[in-house]
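Note that subunit A is present in both complexes that follow, paired respectively with subunit B and with subunit C.
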Partner chain A sequence: MSAWHQALPLTRRAMLGGLGCAGCAALAGTAEARIRPADMKPLVGPGHRPTAKDEQGLWQQYERVEEEIAGSNLLVRDAALAAYLGNVAERTGGPAAGDLRVYLAHIPEFNAFMAPTGFMVVFSGLLLRMRDEAQLAGVIAHEAGHFLRRHQIRQWRDLKRKTAAMNFLGMAAGLGYGATGIYAGDLVRLAQLGGILSIFSYSRELEAEADAMGLKQIAATGYDPGAMPETWQQLIEEIEASAEMRRKRPKRGYSLLATHPAPAQRMADLRLSAKEVTTPRGVERGRDRYLKALGAHRKTFLDDQIKLNDPGASLYLLRNLAKDGWNGLLRFYEGEVWRLRGQRGDSALAGQSYAAAIGFADAPPEAWRAHGYQLLKDGRRDEGLAALRRYLALAPQAPDAAMVRHTLGE
Partner chain B sequence: MATRRILAAFAALSLLTGCAGGSGGGYGLRYYRLVEPGPREVARGSMVVTPTIRWNRAPRGPDQISREENWTLNGPLLDGLTFIGGLEHDKRIVQQRRKADRKVPNFRSDMSPPEIGGMIESFYRVRAGANEFNVTGLQPRTFAGRPGFQYDFEYLGGDEVWRRGRAVGAIVDGRLYLALLDAARAHYFPAALPEFERIAESARLRR
Partner chain C sequence: MLRGPLVLLLSGSAFLSACVQTRQVADVEFEPPRGDYSLIVMRPDVSVGLLTAGGLVEPRADWTEKARANLLKALAEQQAGRGGRTRILETRSGIAGVSADQVAELERLHAAVGASIALHKYLGATLPTKRRQGLDWTLGEDAVAFGRATGMDYALFLHAEDSFASTGRVALQVLGIAGCIIGFCAPQQGGGQSAYASLVDLRTGEVVWFNVLQTSSLAPGIQFGDIRTPEGAAQMVERLLGRMKAGRAVRARQ
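Right after this comes the complex of A and B.
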């Protein structure tokens, strides 16, 4: 099969880019003292507009990028979910509350980025990994922190000072074609290169600022500030779990982290800062609200992730979500992870997960199908056929109904 | 011209992705060959199919397995026809690194039709940048005179183009035989479908 139009291989490394990338920034500083949330003041007011010429130029470029993104068919078209994300941004955006726009791209990566003009792109893979609204608010507030602290223009000016990065804007804005003739403007590539192109990755100092600014904002809004170090921890652990399952070192993720703020240091800073801003009223997690807003998308985004067949990462994130309780959906996809991995003994593990999944009232119809075919393979014909009949009863319009009926001999 | 651009793009992608280029001999040095109407052996001579119009046989790509053959009418970005013939149990359908983070599952001779569909879906998600993938149909169908399946799908690639696909195949003596059409949803898929159907109907195993 040809994959001429293939994108670059997806790496979770890229997500380091958006979520507070430690990587490859131009402003590599030496180890610095922790930046305290209390010291973070927003540098933009409501309705911020650029006055300096270079910033105006940057804005013009990004206004075009936003136009392209707004029209991209990679966006998740769900007005209610978009409004919900916009609302979380508004709650955590401080003085920029009324100026932030959030776009949700259907890309299975743990990533998000903030443009200098006040729009933010959040990837569906990020929403999948959030356990509750507090975690989501932490990421959004971190990104908004870049905007509130004017990081893009600061970084851009610094880069101009230091390098003759003539193509930087073109690359960053993704408006041009590279020398290779590959259109570099699509979102997928932005998602993947997020950690590599310096535009969306900031120095340790700027990341620490965004962390502190974000913490201050979510605490002020009433969210549990502890959600922020949690998210960062999940990210690191997922990369490790993925590498471990493939029996390799999480090397690139680590080299990025190693040359930069040691993840341990950043975690320690985040935890300290979180404690600092925790108030008796700052404990809101908003899990029910988050799950309600996400609705059926959680299944879609899970499906996207599991079918990438990255078993270590997928199992990690399933188990992480299951800290709030296992259900039929998570058990079914656990089975899918084993089945797709397909090593010796995985089939039996998959069978166990499917069997567990159908014990939950919220098991998706596909769990019955998978359970049925698994039983047929195990020679348990009658039970298998019964499970397939159940599948058809639950999903009579399923696109594969004809095939399943054929299996049933109908 | 278009070919050159595609080759350049692909070479650049290969560089970026660090593909080793399994076929050897350098990708750019191999060319498309015309396939005339009439019975043809495909996929290492494992099947015989009978096209009724002229196709272009694609040079072997770096990710391609040896039991695979690719044809196109208007260039692989617009339409492509893939044959896989006689793939054995526990073999992969695309070249990939053993320790890649994301891998297309291997073919297994005990796969149920939904699982074969899932394997194809994983190929598109892992290797072709598909962010959205919808199965539009899975039904029994005879292929090369054997009971098999027809799998219909559509997907949105990383290049933001919607494509449609149809795979028709069967597992015979534990081996996978498959013909797959993959083309831009606008115009190219419906345009190529009648010929694909003729080819799929004409397929015979040659063992």
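Right after this comes the complex of A and C.
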């Protein structure tokens, strides 16, 4: 599977064990060259079906996986939103437009993956981070790019070829040692390490291909290609904001064992590529359409994010969305981040956010409750009780209504 | 999905054994079904692949289809021999009165319970509170409800994998063993089978019997059955389900 972001198992490090890695860069080659969108041609036509034995086997396995995912209770059950995502995939899917399926999983992480058979899974945390349809289209087109360029089967064949070569090499060296007494074990291990690194390097190359292919597709369908590097900039800034608040060094994602290129590298390449494919008509952002399709889910997904206890990332994310304008929902959750962090001074910051939130017509009822309790804490009793009454008026069926009535002395 | 086999390969320690192994566990009060009983086989999970030179298993759709058909036929025949009526559930929506979602949930529940049985009965993590108590796991009310809705007495969950060494893999196997002559022994794992069967009594919901089968070989060209052929499939069914032993308490009374 080819994931959009990073899902790297711990085993990579363990795999190399004690092997020193001083000379690895020379073995694996330096940074991969940028792939130009113009060079990316789809390798599948409409209604692609596997003909080779290995690809047929891969498809058969994934058909069962898709059945499992389609029936999973992790999916967000919203037919309208599913249809919307399907439409974006159809629009950006090129020749595969009619063959792509999109599943939305309720997982608060920035990720998505594409299966070889044409279905993709998008995580809810990804939708939360998208400012508009153009950004979303960029991600979906990247995933569709894996399908259009037949990445899974190409990667499988590459893996098959390299593991076989490593195995034969090991055997030949062993037999050579047995026959002649010349020990080549160290060299063989070095060569095998090169083989392992080249497997990961190929994976990064395919990711870069999917970026270029996706960029070409969204530009061709009229979206602003600048939306794709923006997504990477957002990711980098979010990682940095998260680390800064935890007083940790941010993970830059540079590694010879990474399956994906480092975010900064991708952003730089995408910026250059976006310039190449920008046309005067490619300016569509589709923000209103996106927000309408997302509807009440944005609140749910925000709620998930806030509870991850990652205040740096959460605040960054809220402020990034607020580049299109603050509203009651974003301000309320800004307050919630501070309240949940709960360090010295955070309570006052939360209070400011809640006060700002209720100034917007779209403030969620919970903002009134939070604002009310904050005022009570500050000793502003009458105003606080009034805010709580407003909460009950807005949400009479709220699960905590009885508790709030108790506070009100009713 | 590509990393697992890779890591296994690189760790360099495949399971070096050449044999056929089965090990069954049963509820202490288990009596093998006999006479007039009905059994539903839940969407059997079969996968047959090619073992590549590098040690990866490449799934093959045509082999899998063939093996699946042969296994199901062999299973129905074998059960008929014991007096049972067998019904095979091919798809989740293939049964009247039970929704695809209910079947899916029962399958997932069994997958979780089966993993627990594998951990505590096969992988060595024995539970001190369950010593000498046989198989003591249940799928609970859901399985009983499923039994009522289908009118079946037992449900059988079946998983079978088989793999065959590619030409390149066989060459490596030959070299690995031939090397012993000059003092470099590096036997390579060939293809092999692994399968499990799990029998659930739908009247109580309990998993009453569980069996695991493994075959493997280091010698090139030597195999312990080929489930792509009717004979090989019948052999696997026989190894897996042929010698069902009664539970300990039942045997003690006999």
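Rule of thumb we're sticking to: the second predicted complex is superposed on the first by the 325 of 410 C-alpha atoms of A that agree within 3 Å, B and C clash if a C-alpha of one lies under 4 Å from a C-alpha of the other, contacts with A are read in each partner's own complex, and residues count from 1 in each chain.
The rule we apply is simple: contacts are C-beta pairs under 8 Å (C-beta built on N, C-alpha and C of every residue); 3 or more make two chains touch, one makes a residue touch a chain.
Every value quoted in this text rests on a predicted model; they were computed, and no experiment measured them.
Counting the residues of subunit A that each partner touches, subunit B and subunit C differ, and the larger count belongs to B.
Of the two partner chains, subunit B is the only one touched by A:Arg339; subunit C is not.
In the superposition on chain A, contact of A:Leu308 is made with subunit B only, not with subunit C. Of the two partner chains placed by the overlay, only subunit C lies in contact with A:Gln61; subunit B stays clear of it.
With both structures placed on the common chain, the touch criterion links A:Arg247 to subunit B but leaves subunit C unconnected. Once the two complexes are laid over each other on the shared chain, residue contacts for A:Asp288 go to neither subunit B nor subunit C. Of the two partner chains placed by superposition, only subunit B is touched by A:Ile107; subunit C is not.
Look at A:Asp39: by the touch rule set out above, it reaches neither subunit B nor subunit C.
Of the two partner chains placed by the overlay, only subunit C lies in contact with A:Lys53; subunit B stays clear of it.
On subunit A, the patch touched by subunit B and the patch touched by subunit C overlap at residues 1, 9, 11. Only residues 1-12, 72-74, 106-108, 180-183, 186, 188-189, 242-243, 246-248, 304, 307-310, 313, 339-342, 369, 373, 376-377, 399-400, 402-403, 406-407 of subunit A touch subunit B when the two sit together in their complex.
In the complex of the two chains, the subunit C residues touching subunit A come out as 1-3, 6-7, 9-11, 45, 47, 49, 52-56, 58-62, 64, 92, 100-101, 104, 168, 172, 175-176, 179, 182-184, 186, 188. Residues of subunit B that touch subunit A in their complex: 5-6, 8-10, 12-13, 16-17, 58, 61, 63, 68, 70, 76-77, 80, 82, 93-94, 99-106, 108, 110, 112-115, 117-118, 120-129, 131-133, 135-140, 149, 152, 156-162, 180, 182.
Contact residues of subunit A toward subunit C in the complex are 1, 9, 11, 15, 53-54, 56-61, 64, 67-68, 71, 155-156, 159-160, 162-168, 170-171, 174-175, 177-179, 196, 199.
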